[in-house]
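Written out below as structure tokens is the structure these notes cover.
Here the chain labels run A, B, C, D, E and F in written order, and each chain numbers its own residues starting at 1.
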């Protein structure tokens, strides 16, 4: 990843962004609104402000920050200095804002909360991506996302150079240990799926052992999740599979372990940490 | 904090919980629903399951987890084993669930996402609280919360033994540096507030120096935020203030620094980290 | 209050206004819309109209009236002639409207319903404020508001020269007789609150007798509500309190009694009447 | 009207009631909920309470009050003592409530706000109905209702013995002076309507003079609104009309004037006052 | 009906259109958005496109199609070539669109789904209207509409030259066989209605036989529904009724039978088929 | 398909059903509710009723019908006689209902509108499925669905024996002619997708000619859409493809043509007609 923003392929819709941001604004403004600003700041006072980064990291969520200012006061003007996907250094500008001071200050916290959280996700993703540079494996996120923010966090993962796993229970099949147990084994579970699932849906199944992998490969499947396997077994799985399906490694993926995992030759490495535990990127809004 | 759950004083309403959980379920189920479970699990199959902790920490969000199962299938029965505020050890049970397998498995991830995230917030709070044991200072959260989850995170902070700062821009006055700059100084800002604000609203003002503190004390205010002061200056601020207002310390609050800050004698220590960057608590659902 | 609008300190957010107005428009337009106007008025006919007052009073809610026209037809132009807080005389103009006749006539009733109701609240408030002119006491509203319109009515109270009490159950503590009875007395109730409540929340307690007041003062509290006390007892309460807390008078507050109450020296007089029973201000829209 | 509740014909749907009550509860509980009750009242404490009237009047809105308790705590039990349409005396019981004290106290204000407001509308309506006892005229409400509460207020008017005018712009035609002016007269306006309007929609037109009435009668119409006419002219209108349409009197309808208006022989008397300016009925919740 | 669009009298509100279209867009875009377009089409690529008809028919729903493009990308420009009510031939243009390719392609399907469905309803209506050309009877729709789209389908019926029956259970009385059975006959049912119903509400009653018709006429009613009568009986009903009420024919209304029904002299012919079973009009969007 | 209901694999969530049904109920009940029933039917009258079919067809949407009765009156009891996927004959029972007459009659139309529409979709699907009996091809639906009802219609297609294509723009890639044109050809379009799309997303591309098919096969893709090809070319496509991808036939699919198309050996046949133009199944509710 270079220092300039990549050509993003995200398709996050403005309907999704505005809905999430309006919800957060209602949460922060309540019924009484910003009572401090209304009492202290004249209604016609205008200001210029800039959001800058106080940490290095990767930016995500600029459109949400812009929406916060726009939804509070539609006359506020914003200009993106370094947008989603940009690898920012300490002190670099992300967004400039100009307009009535009341609106700028009232929207500030919501704008920063989105931008800080999503840039945190992007930065954590980028750290894993960086750690496996040169390997063919992709870093992907999971369904372990913050409730209510999945679409935005999936977008932030793309900003960080990662890729997306399925978005929910609805857009791909994932047969896990509990499904296999209830269904009476891997073969009955896979056959039940294939009898009914549509032709546009990919099928993934979780295996714990190389024996299970062989069974799965004999039935045919799109993706196999190697759950908490040793890297030795992962390497064997790659050898056994011979490209007959995509291999996804999962479990105990950290900045320390990810490179060793990637070197086994798996295609995809999934991490819950990048969405459920990524620390916020430290940003600030400065009035000029 | 003992190992048994404290008598919580949280007043989180079921309207808030159900709204947040329904939103998260729609996000995970989409239009097509849980296509894997529908294909693999017979509709009349029932199971018993337990949510247990794979880490030690403090629990928060059990009501949200229960809501996830109830909203997916109102016939599922749940029983709290160790509820909000409980200091859980590895392997201890939090919630048992019994009912149709389809509903249990479809709601699992949303239930765990809430419980893991909120228990993460409670656990981070408890760590700060533990670190200043014996001091009179309270640990409080800020408005740096995850968009859409503020009410739930504020509740989680209580579960961890912390206290709540204001909930939003609407329920208390906080005069910050930008307000002071636009208003033309601390005195004009404070007087503008006092002219107009209601008698049920507390007033807090941010100061950077001891000189500003003296000015503020001469005007009278409920709470003063000591922003990024050295602990030496905090201690002097305590001496100067003589209990005339509540003193809140803010900035650079970490597990390493918090004890030294508390020892200055400040009344309140606020931390954004406990809500915006607390790592998720690792939990799992096991089918019996 | 002079005849010109005061510099209002209201922080009512456009998100709140638009939500309430859109709801009222859906209520009035239903699925079929304005069937009379559609049949009688050509779609390209434009008109100028003015909202004027047919009574003297104080204006509140002009932004809601403007929102009604804008949400029905975003091309309609409005100009405020005399806005929120203005003390209007019979026949004076409040708002001029210009645009397509269909939109103007379809939005008329919703615009007038908001403006008439909220100006009624402001006018009732101003009457109480006027009646205690020269006294230090403030007139404040209560939680006895019209369901769904609290934020707008609280704003109208400010327009009438009053101040706001707490907005709901969430932003301040108010310990009432039922709480005291269940808690086992004033002292246990107050101590339970102080053990748990955050540092940004004010505490008010209701007392019926001077003995209770003395107990409360010895414990310390922000505000005491003197509930249905005689004005003699109120005056004694002022003497006893010596400024140690804010004293609020409540019960039997009318245009006839309010001056005598204010003369006791209490700080705050609260009235449910100004929000739950204020008659509508009579306004009309005239097409030119 | 006797002292027992009439067999009401209202068709108010539970979907409408729950939506309005949930909105009011969110307004009162905010994000933090009832912070006083949570701190003072043990979670397992139960109480019995009764809502009684402190004024005589006519009850409306009991279902909304019940919904307030149910939506806050679904285990609370309520029993109607004297329901919608009942003419209550001072001190009589309306509703008894039994359940957890926290829920009862948290829902109290919202329950009383609905019941007080709607009973106020019913009581005002009943006063007008009583004043014209023996006349054939019906008292009806208008579209001058409180924004967001139209369906509930229309129901309250029925409880008070009145009848409903159209619910909105969508369910009946009402040609007013502005429509007539733009259309170029009464005849073009009426013919435009008749060309296009459906066979299930009634048509009303407003007239200011007896000459206009004759024109309207020659064209044929369902209802004629006599706008601000003298009672002499109203009586003449009745004579002229000979039952060819329904005659509705409007303007300056008060408790003093309504009997004289009814004696002219008009069929319907409409009043905005009963919905937009009816004072709240004074009710209280007492814990036993 | 000529080939040019009639001056429509529809009063469909933009609030209704935008709500329905936003719902459909969320349905099609989900959380991930248009993943194909985002990957293949550069964000700054602009295109011109045209919606044309691949069948002859009558257009309805152009405003919904426009809303689809606007809500996805507010910078897209549209121009109506042949709007609602226009009788289109194969290959004729309806709407031209110009703007960013991503937005145009992402909104295309939702725009066409509304336009095709509603034009299908208009076209089916127009076919019935055409079939009874020269008769006085009007073609009207029923409550047998597609769930969620009633307001839009009622509008489409007007576009096709038909008229609207009641919009729902709320805006007119319709006494059906089940009501009559429970009420104990036609006379008790009609009298119950007349005792309570407002003066702005029309009353219709369903009859199966000419004897029932005579009973109804003796009581007086606005509209009588002749349910599944033979055309012979319908003609007799017309003779019996002598214009004392509106006669509506219902049941077995098809393109083959409608002319014979109209020739009986009934006033109104209602058809569920035009809303619940009208085939979609085939339209396409072509990029230039 | 036998006459008994198949074990359905649908995963339609109750959240989706209740949302759509509540929306339709609000549409039918409006603010005034069912004014006929309220006036004619005593509130305590109970009835038994049955929904039966007046046509043969395949049932879908019974859960939506049940939800309509439950949401209007939660005490109404329902029992499924022949549920989703059942091939019903004229006069056969689908659902029995028992409870208060007001609720049953008020919910009747909404229940029938869902059940009739969705059973219409299932019946149309079953007709195509029946027509290709013995062939391996599956009948699938498209995104040409009724706005707001996609999830329910996709479910109805499963009830009719069909399968689902992608649910929206978000869950699978479909590269159409316009994408290819803008991207500069099939190869650049496919490569752009493969560079960025996640490993859980299937990729389909539309081709018009056999040359295009060969290009696509050389690049590799999951599914190829043969758009409006002759059946001769389809057969050649099958031969060329040799199972290297799924082949989907689209365009001009009717009851007459579908068998010939299926006989070409394609895997999937997609039809917009089954969702956008399926006639309603004729059902009725009879009171016993």
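To be clear about the criterion, a residue touches a chain if its C-beta (ideal position, glycine included) is under 8 Å from a C-beta of that chain, and two chains touch if they have at least 3 such contacts.
Small disclaimer: the values here were computed from a predicted structure and weren't measured.
Annotation of chain C and chain F: jointly contacted by A, B, D, E, touch as defined at the top. In this structure, the chain pairs A-E and B-E differ in their number of contacting C-beta pairs, and the larger number is found at A-E. Centre-to-centre, using mean CA coordinates, chain C is 23 Å away from chain D.
Look at where the CA atoms of chain B average out and do the same for chain C: the two points lie 32 Å apart.
Chain C and chain E have CA centres that are 44 Å apart. Residue positions of chain B with contacts to 2 or more other chains are 9, 11, 27, 29-35, 37, 39, 106, 150-151, 164, 167-168, 170-171, 196, 201. Taken as a contact graph, the chains are fully connected, with every chain touching every other chain. On the side of chain A, the complex with chain F involves touching residues 9, 11, 138, 140, 163-167, 170-172, 196, 198-202, 204, 222-223, 246, 248, 267-268.
Only residues 9-16, 150-151, 154, 164, 167-168, 171 of chain C touch chain A when the two sit together in their complex. Looking at the complex, you find that chain C touches chain F at residues 27, 30-31. Within the complex formed with chain D, the residues of chain C that make contact are 20-21, 23-24, 27-37, 39-41, 45, 47, 101, 105-106, 109-110, 112-114, 116-117, 120, 143-151, 167-171, 173-176, 178-179, 181-183, 189, 192-193, 195-197, 201, 272-273, 276-277, 279-280, 287. Contact residues on chain D toward chain B in their complex (touch as defined above): 22, 25-26, 29-35, 37-39, 71-73, 106.
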